[in-house]
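Read through the structures below before going on.
One chain, subunit A, appears in both complexes that follow, with subunit B as partner in the first and subunit C in the second.
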Partner chain A sequence: MPLAGTVTEGLKIVIVGGFGVGKTTMVRAVSEIRPLSTEETMTQAGEGIDHPGLADGKTTTTVAFDFGRISLDDQMVLYLFGAPGQERFWFVWDRLFSGTLGAVVLVDTRRLADSWYAIDRLEHHRTPFIVARNNFPGSTHSIEDVRDALSLPDDVPLIDCDARDRASAKKVLITLVDHLYELSTAKEAVLS
Partner chain B sequence: MTMATDANLTWMLESLVEQTAGATHALVLSRDGLKLCHTSGMSIDQADQLSAIAAGVQALSQGASVEFGDGTGGVRHSMTEFHGGILFIVEAGEGAHLAVVAAEDADVGLIGHRMNELVEQIGAFLIAPPRQPERTQQA
Partner chain C sequence: MIRRELDNEEPDRLYTVTRGRSVADDPHLDIVTLIVAAADPAPGMQSEHARILRACRAPVAVVEISADLGLPVGVVKILLSDLLRAGKITARHPSSSARARTQLPDTALLKKVLVGLHKL
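The block that comes next holds the complex of A and B.
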């Protein structure tokens, strides 16, 4: 789908989170262009290093970053960058975060601790973010448990999603954009 | 992954670096960014870093090939020049890449030639097979 001529606003958004939480899946689900894919088959060299045990059927991993694009309406387009989840590629994160207006932290409640580092880096960069719980089967914790476990302030939106589903993933992005607008209106109110 | 031939492969990498003017380090890595073997002038940390970097570079270059190439294949060769050095990466055997770091003023043609030669000779051993599905679940 070509980019509409009416677009006046492009926002750079990062999707970040631990290994195998569904970041690539989400970018692929919503992108209107062929997504840039840097998936590589996980090799035997990673035995004992990568633990895809919980993500059933996961055979590949992101070795650089995902890229996709989605128009939310005639005016606004989001440029989506999916971060790599494995620690050896974290050096890419700081570059991805620069110039980013907002981020989605995707979490798998079976491995919540994997999201701490992402939240820590975003806070360091002062990048506004929301948290989306990817509903894998067997996710037991309630959404409020997640808020407690991650010590998220009340003003950080926290929602459920299915990263494989286009409509659900799009709702996550709209929640983020709404949050960004709220923050900027709040700032303007203080300044004026 | 350790193979009986690891020592021989490392030896081949060492001789590539010794016999090629300007070449400083050589490394074989899996496409998913983990080191398989490397020359001894490089620390373990440097080898781990370069493995992740080279896998990322090749994956992004693959994106360029998909979008702008003729569709007949992957990435032949990547070269990155930075202040103080040059990084070369070529496809090795299945699932693996060969990376060489060279001095800034190295002969680019010569290094590329030596790398291709090595891959022709021993590419069949420079491999990283896909993982077997895990039977036991790990947390």
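The block that comes next holds the complex of A and C.
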């Protein structure tokens, strides 16, 4: 499905989470296109690593990610990216996701530790984010247990969701943008 | 969809596609910059350039072209900078590229995003 010819503004929101947590499922639930995937390569100078196969000491790594799309109105289109939060991904974060409106950290309570690194990196990059717990069967923790386990500050929204459900995924995005709106309003109030 | 492994053969192919270049001339191309064709594919054109022109008759984001061609984002940016320089495409840059990295989007933009999301 092609975009309207009048669209001028591409926006992005990134959904970060470990493997199998439901990122692509959430993208699919709200996207107007079937999720697509692509990749970015990065070349790093081998710092002190003697790699016999590569004469110039450089290594190339590939990171894959997927994405979907939502036409917001006749001028704006929102791209939703599913990004694995693992370490090597953060090397290409700025190249791919600078200018993102914000991020959703999708967590599975059975593997909360998978999210610590992503939350730490988002804070480091000063990317505003919310946390959404994907309700896998059998999760018994209360949402406040999750907040404690993630050492999440009180001002970061934390909600439950079902990544398969369109209405639920939509609510997650709205919660994020509401949060951004509050942050931006507070900042504009300080400046004016 | 890219499902293949980046095997030994692959860097050579990418090297050929970009004619050995590894950095795009136009650093302003974002993955959500929207590309629109300003010309039709011409005979003798590099096949990837022709495929891009066919893909962007309606606006399409850099990242969609990357997925469509099955080429990494960085390689696609190099091909797009060729076409931009030749005047074969135009680029609609996101307003976020004019914003400092840690600056929040303004409330007017966010309000429009919320209206769009509520309509979903």
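Here is the rule we go by: the second predicted complex is superposed on the first by the 135 of 192 C-alpha atoms of A that agree within 3 Å, B and C clash if a C-alpha of one lies under 4 Å from a C-alpha of the other, contacts with A are read in each partner's own complex, and residues count from 1 in each chain.
The rule is simple: a contact is a pair of C-beta atoms (placed from the backbone, for glycine too) under 8 Å apart; a residue touches a chain by one contact, two chains touch by 3 or more.
Every value quoted in this text rests on a predicted model; they were computed, and no experiment measured them.
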{"item": "Partner chain(s) touched by A:T59 [first = subunit B, second = subunit C, both, neither]", "value": "first"}
{"item": "Partner chain in contact with A:S115 - subunit B first, subunit C second, else both or neither", "value": "neither"}
{"item": "Partner chain in contact with A:F91 - subunit B first, subunit C second, else both or neither", "value": "first"}
{"item": "Touching partner for A:K12 - first (subunit B), second (subunit C), both, neither", "value": "second"}
{"item": "Partner chain in contact with A:N134 - subunit B first, subunit C second, else both or neither", "value": "neither"}
{"item": "Residue contacts on subunit A - larger count, subunit B or subunit C", "value": "C"}
{"item": "First (subunit B), second (subunit C), both or neither touched by A:S168", "value": "neither"}
{"item": "Subunit B versus subunit C as contact partner of A:M76, first or second or both or neither", "value": "second"}
{"item": "First, second, both or neither for A:Q44, with subunit B first and subunit C second", "value": "first"}
{"item": "Subunit B and subunit C contact sites that coincide on subunit A, given as residue numbers", "value": "36-41, 43, 64"}
{"item": "Sites on subunit B touched by subunit A in the complex", "value": "1, 30-36, 48-49, 51-53, 55-57, 59-60, 62-63, 67, 95, 128-134, 136-139"}
{"item": "For the subunit C and subunit A complex, residues of the former touching the latter", "value": "1-2, 6, 11, 14, 22, 30-34, 36, 57-61, 63-64, 66-68, 70, 72-75, 92, 94-97, 99, 101-102, 104-107, 110-118, 120"}
{"item": "Subunit A to subunit B touching residues, read off their complex", "value": "34, 36-47, 49-54, 59, 61, 63-64, 84, 86, 88-89, 91-92, 111"}
{"item": "Touch list for subunit A against partner subunit C, complex", "value": "2-5, 7-12, 30, 36-41, 43, 60, 62, 64, 67, 69-73, 76-79, 94-96, 98-101, 125-126, 128, 166, 170, 173-174, 177-178, 180-181, 183-185, 187-188"}
